[in-house]
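Shared between the two complexes below is chain A, which pairs with chain B and chain C, respectively.
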Partner chain A sequence: MTQPFNGSLLRPDFVPGEPVERHFSDVELVWTDDEQKQIATFRSQYPTNDGAVMKVLWLAQNKFSWLPPEVVQFVADTIEVPYAKVYGVATFYTQYYKEKKGTYVLDVCTCFGCQVCGGYDILHYLEDKLGISKGETTADGLFTIQEVECLGACGSAPMLQVTNGPYVHNLTKEKVDALIDDLKEGKMPAFESVTLPQDETDLGGNRRSDTELVTEYQTPPVSETLH
Partner chain B sequence: MADAPSLITGETKAGDWRNYERVLLPPVKDLHKIDVYEENGGYSALKAIVEDGKFDPKGLTDEVKASGLRGRGGAGFATGLKWSFMPAVDPEKPRYLCCNGDESEPGTFKDRQIFEYNPHLMIEGIVLSCYAMTIKTCYLYIRGEYIDYVNHVQTAVDEAYASGYIGQKILGTDFSTEIVVHCGAGAYICGEETSLMESLEGERAYPRIKPPFPAQSGCWGMPTTINNVETLACVPLIVNRGAAWFAGIGPEKHPGPVLYGISGHVNKPGVYEFPTGMLITDLIEVAGGVRGGKNIKAIIPGGSSTPPLTWEMAREATMDAETLREAGSSMGTAGLCILDEDTDMVAFTRRIAHFYHHESCGQCTPCRDGTGWVEKLLSRIENGEGYTRDLELLLEICDQMEGRTVCALADAAAWPVRWGIRRFRDEFEARCKAESFVSSEMGDGASTETESITI
Partner chain C sequence: MNVIIDGQSFEFEPGDLLLQFCLDRGIEIPHFCYHPALSVPANCRQCLVQAGLPARDRATGDLVRDENGKPVVNYFPKPQTSCSLELSDGMVVHTQYDSEEVAAMQADNLELMLINHPLDCPICDQAGECPLQIQAYKYGPEGSRFEFEKVHKPKRVQLGPNVVLDAERCINCTRCTRFTTEVSKSHQLSIIGRGDTNYPMTAPGQVFDDPYSMNVCDICPVGALTEDYFRFKARVWEMSSTPSVSDFGGKGINVDYWVRDNHILRIIPRENLSVNEYWMPDAARLVYERYNENRPQGPTLAGNASDWEAAYDEVANILKAANGKVVFLGSAYATVEDNYLLMKLAEAVGADAPQYISRIQVGSGDNWLISDDPAPNTQGCERLGMNPLDPVLLKAKLAGGEIDVLYVLEEDPIAAGVLSADDLLGIKVILHHYHTTNETLAHADVALPAAMCVETIGTYVNETGRAQRLRPAKMIRSMNRSLMMEAGVGQSRTDRHGTPFDRWYNEDHQIDCQPGWEVLPAIAERLGAPMSYKSPAAIMAEVAEANPAFSGATHKAMDLLGVALQDIGEPV
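Now for the complex of A and B:
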């Protein structure tokens, strides 16, 4: 005989027959004219409706900051594909936020390139500083810390990414402090151009005249906890 | 080669690399701007082909074949040969090119330098490749974390459209091709070719069983070719300077310029452009030597999937596919990670296992479950709770993962563990408890530590 479902062990997101908790009303779930134009462009770029799923999900996430079920449904209706398919895509990729995150999501890389250069030191320092563990959000809803996989900046380890946006390279505790202070004031870090070591003699390091923030590759720090 | 039984000679195969002139990222300020790129000979290869008819499509494919260019994305497959797999043009069937800029292999950070500093070289390469294979649409797939580069590349693509290098009737000829920039959303598996195609189609990015290969049935079931960013960036260079020039750089079987991403315990990490066939010791020298003058314990020659080499194995090896295979690893993406004598190889291997566990797409059981078991066992050993027999169990799990899945992710996950244990076994054993069972205490052969690893 099969055991009846024990609701205390597992809390499903919704119970059949009961309305799902909504975070955005129908009034909010509309595209502006500009967004509709973008969506029309996205749809023209792929031979099927499905092709535009990822771009419209990105558009929705940038607009609503995360993707609760009603937003996923909204995206599905927009590009005329089934909800289940859009939900499947949204849950497959880590950068789509399926739950509400803090205003600033700090994605700290600890994959091996960063691991051996103090990635975990930075992660643990941030956890102590903000009083939360990875995967959690501060009580004021300002910061979420996540441990992420390689972000493709191994030469400037340790590093982190802020809310799927700018990278912050060559992290030190001082740099983390300054970053947190800036973010509390609402200042997102600017794009940091990382120079090529071979350009040092030929181009004086920086080869771009149109970036303000330039970082050189530096000797990585010696990790405190894990080498 | 009867007179040279070993390729590992301790001598560089990169020729006069100290006077190497950079071509993928030449020292030109603001090269990412289209006017600067044009002033420095940019888009001249495209003009030579579509306007002056330097090569017909087959001729261009043959030229790339003759250059010996091999894919820079990890597998190292011959690019010209891959192009020649495309079937004859069927007017009923659209054909696609995918430019793979997913670059998620840990230890790899080279393509982003092309996106930022020389995007037009890649764009010119894409258009030339489309010409060679009579393709009208290219999807340029860039990982979602590189959003700054996605926008940067989109600007470059828009500039190229405005100048008539992409779009309808390129440079006033009958040749047309479009480039669509596609932004990923954080999945390592999308770097696998068929998975990338699933992702483009708006599906969950599960790799497909091959055959059929992409040339027969790729994006939306149509003939498709997929190449890495750096590979396509080599194409304009081959057109401008000739296949013989390209083939003359580095070792015969794996020639050309390469972006080496050097990370880990070196004084000057970063992306360096040199010929293939560089001695690993020379690369460490250009990267400023080992941090703190320490000794080297291990080298990862080309990203997380390539088996780690001990210093003894790496010190005379050169960076080309054949030599590294003989040395016991592979070229991968040429993203080297240098690990000094203080590195904890158990923790290091555990972190790689964690990566693959997280990034397994979940389609095939040996990979979905195997990567998790491997990570749990390695965590247990790292925490000093493991037993020597766990090492045999790990190797057995690796046996059950390799070659038993749709794509190569399971193999890539198993290799660093298998070779990590084989090559650094002393270090693993030192962390393990020798006793296999504490049956006298537990009574039934079960031990306390099994509880913590049971799901």
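Now for the complex of A and C:
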């Protein structure tokens, strides 16, 4: 299956040297005393400031809810790392939001493992259901769909992650319906641990002891398009 | 310590890296991300080789041998990137010359690299000098098994005033971003995005205006980064390139001049680890038009076109009539050879020794490759014993009627602010000039178009006292024997493959000018003081012999990398 041609890839998000739209004023771009202390701790954890880039970006995203250029630059200036470098890091990870997102960001995995088990089936079902394409946000501002690469839960493919938080495993269309209904009511899915076949013998069934919800490993489905 | 590469044993120094070690010995291993002046990220994976170490008995430390007595080699389980592999004693290496497996891995890597590369070589400026193109031909697969639409990325992105990005061609070697991080330290570029959609970019709102920005075009191993001024100007195989020295300032930056049909179209740095390493500032490239535009065609007498013989006669008459009341101005833009001949001419007519106009402005440089001195040969003048001109004194002399003739070698005293038009009233002016825009030209009784650094043979001495040799990169109208001989070496000609019958051939691109070492002896001869030199090399040989400040600086010795001259202290 070929990807639809994405025209926007042909244009960079900005033209070098041209001013970019701002979303936060200088008055808003300040750290509280607590945050400053945290940043100082992050910096002390690494031999060079480069090491603290990711943690401070994360802090900024939690504070401002997303990372427009002026926030990235604010982070860069704070920890004295070149702006371009911090921007490079911010754009590398889908978990850092470079655009304003909906309340719930649904990161649907279509990487190899999930792909053969129906990752695209789930993605397309979700797109149809919410009436938006990947990368877009619903008009009510509630949901954003993102297509992401492997989230490291291939054993329970297909799967998705909600707003950089809990994973939803072993997805089916019914499970997607239930998830959307819950989220509309403001109910986030609970953290769920899925066992792996080898856990049964080696670890007495579960490698995590810190969670209530333990699901036993099940053989993943095969993508509809592969039948 | 020894290493065995493809069955051949070599000695090495501890710390040597395999790829550079091989390249230094003429063993080519394909590579993209490695650059000798940058850190070694080993990210392109093109330089793979098979390597191993001899097995040793743990207890005794002795070599383990097989039944034929040959040492057993423990190969690393995975292929190694030779760029980052430090040599160790007894290491055994198999490159693509020796191992079909290695050759196959390199071919596979190229196939992967070409999956999303647009392969638009027919319209790409880099074609013909592209490491990706060359290495894909030499080491790549016959074709591709990839039959899907390629990933699309931004094209024609003006990263800054001088550099244009075609992100689809980028292979993400990170040479460009490492340059701005490690060498120029402007930190203006970073790889953005991830996977098959990433490319180098500035941060939002920022522009790639690094004064050294175009170096990334030189080191980019594909056509992703190109110089704005040179885009679509010429194919590299239509041009000749000549190793020479830039006249941009006192650093003596080593360059290659790229020429088509006698126009300088591109100037790029030439490696010289004692001078500019691999780099040059953008400003030193953007002067290329000054060698092509506003050039005079043939000598003039009081503004009227003349021929060279008549012009020489006129100069000789003027100098004879002046009876020694002549001021000679040498030039920090002219070569050592030409300034030297000017000194001899001054002596022959009984005038004071020439002086030169110093252009040094303390603090105007950048402490790297942009010098405080915009002129290329100030040290050459100093070492010849010339003094910087005192404008006040000269004005007084001119006003006091002590002077009848001003003889100017490759300078523009009015533009330099040393003299004004009024100072020259009633003075005969003889001027060797590069450009029709020379402000002193309007006052010249005899104007002699001079060959510029790209058209002559000669020597510049840079501010650290390194004597370096100029080679003619383009032809002038009257190619004499010396220029012709040198052109054979420097490959300057109408065009490497072109002829005067080509459609695009334009005779006007050949300037009707003369090098100083052609003109000055012709004038001296008419004054009864013949200077007979077979070539500029002979002039320099005489200078090097007679003047200890130039000791050792023969053309032969200077060759491509120059000769460090004895220290003579700071110029005064």
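FYI, the second predicted complex is superposed on the first by the 189 of 227 C-alpha atoms of A that agree within 3 Å, B and C clash if a C-alpha of one lies under 4 Å from a C-alpha of the other, contacts with A are read in each partner's own complex, and residues count from 1 in each chain.
Assume a residue touches a chain if its C-beta (ideal position, glycine included) is under 8 Å from a C-beta of that chain, and two chains touch if they have at least 3 such contacts.
As the structure is a computational prediction, the values presented were derived from the model and not from experiment.
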- Query: Just chain B (first), just chain C (second), both, or neither: which does A:L226 touch?
  - Reply: first
- Determine, under the contact definition given at the top, whether A:E99 touches first (chain B), second (chain C), both, or neither. neither
- Message: For A:D26, using the defined touch cut-off, is the partner it touches chain B, chain C, both, or neither? Pick first, second, both or neither.
- Response: neither
- Pick one for A:P166: touches chain B only (first), chain C only (second), both, or neither. first
- Does chain B (first) or chain C (second) touch A:E149, or do both, or does neither? both
- Task: Could you look at A:D34 and tell me whether it touches chain B, chain C, both or neither (first, second, both, neither)?
- Result: neither
- Message: Looking at A:P197 after the superposition, I want to know if it touches chain B, chain C, both of them or none. Which is it: first, second, both, neither?
- Response: first
- After lining up the shared chain so the two structures overlap, which partner does A:G113 touch, if you call chain B first and chain C second: first, second, both or neither? first
- Winner by number of chain A residues touched, once chain B and chain C are compared: B
- For A:K55, select first, second, both or neither according to whether it touches chain B, chain C, the two together, or no partner. first
- Can you pull the chain A residues that chain B and chain C both touch? 85, 88, 92-93, 149
- In their complex, what parts of chain C are in touch with chain A? 148-149, 151-155, 157-160, 167, 177, 180-181, 187-195, 197-198, 201-209
- Message: List the residues on chain A that touch chain C in their complex, please.
- Response: 2-3, 5-6, 9-20, 69, 72-73, 76, 82-88, 91-93, 149
- Listed in rising order, chain B residues that touch chain A in their complex are 22, 25, 27-32, 94, 103-109, 111-113, 116-117, 143-148, 180, 182-188, 199-205, 220, 261-273, 287-288, 291-292, 300, 304, 335, 337, 339-340, 342-344, 347-348, 351-352, 355, 358-359, 361
- Task: Would you mind writing out the residues of chain A in touch with chain B in their complex?
- Result: 45-55, 57-58, 81, 85, 88-89, 92-96, 110-113, 115-117, 149-157, 161, 164-167, 191, 193-194, 196-199, 202-203, 207-210, 217-220, 222, 226-227
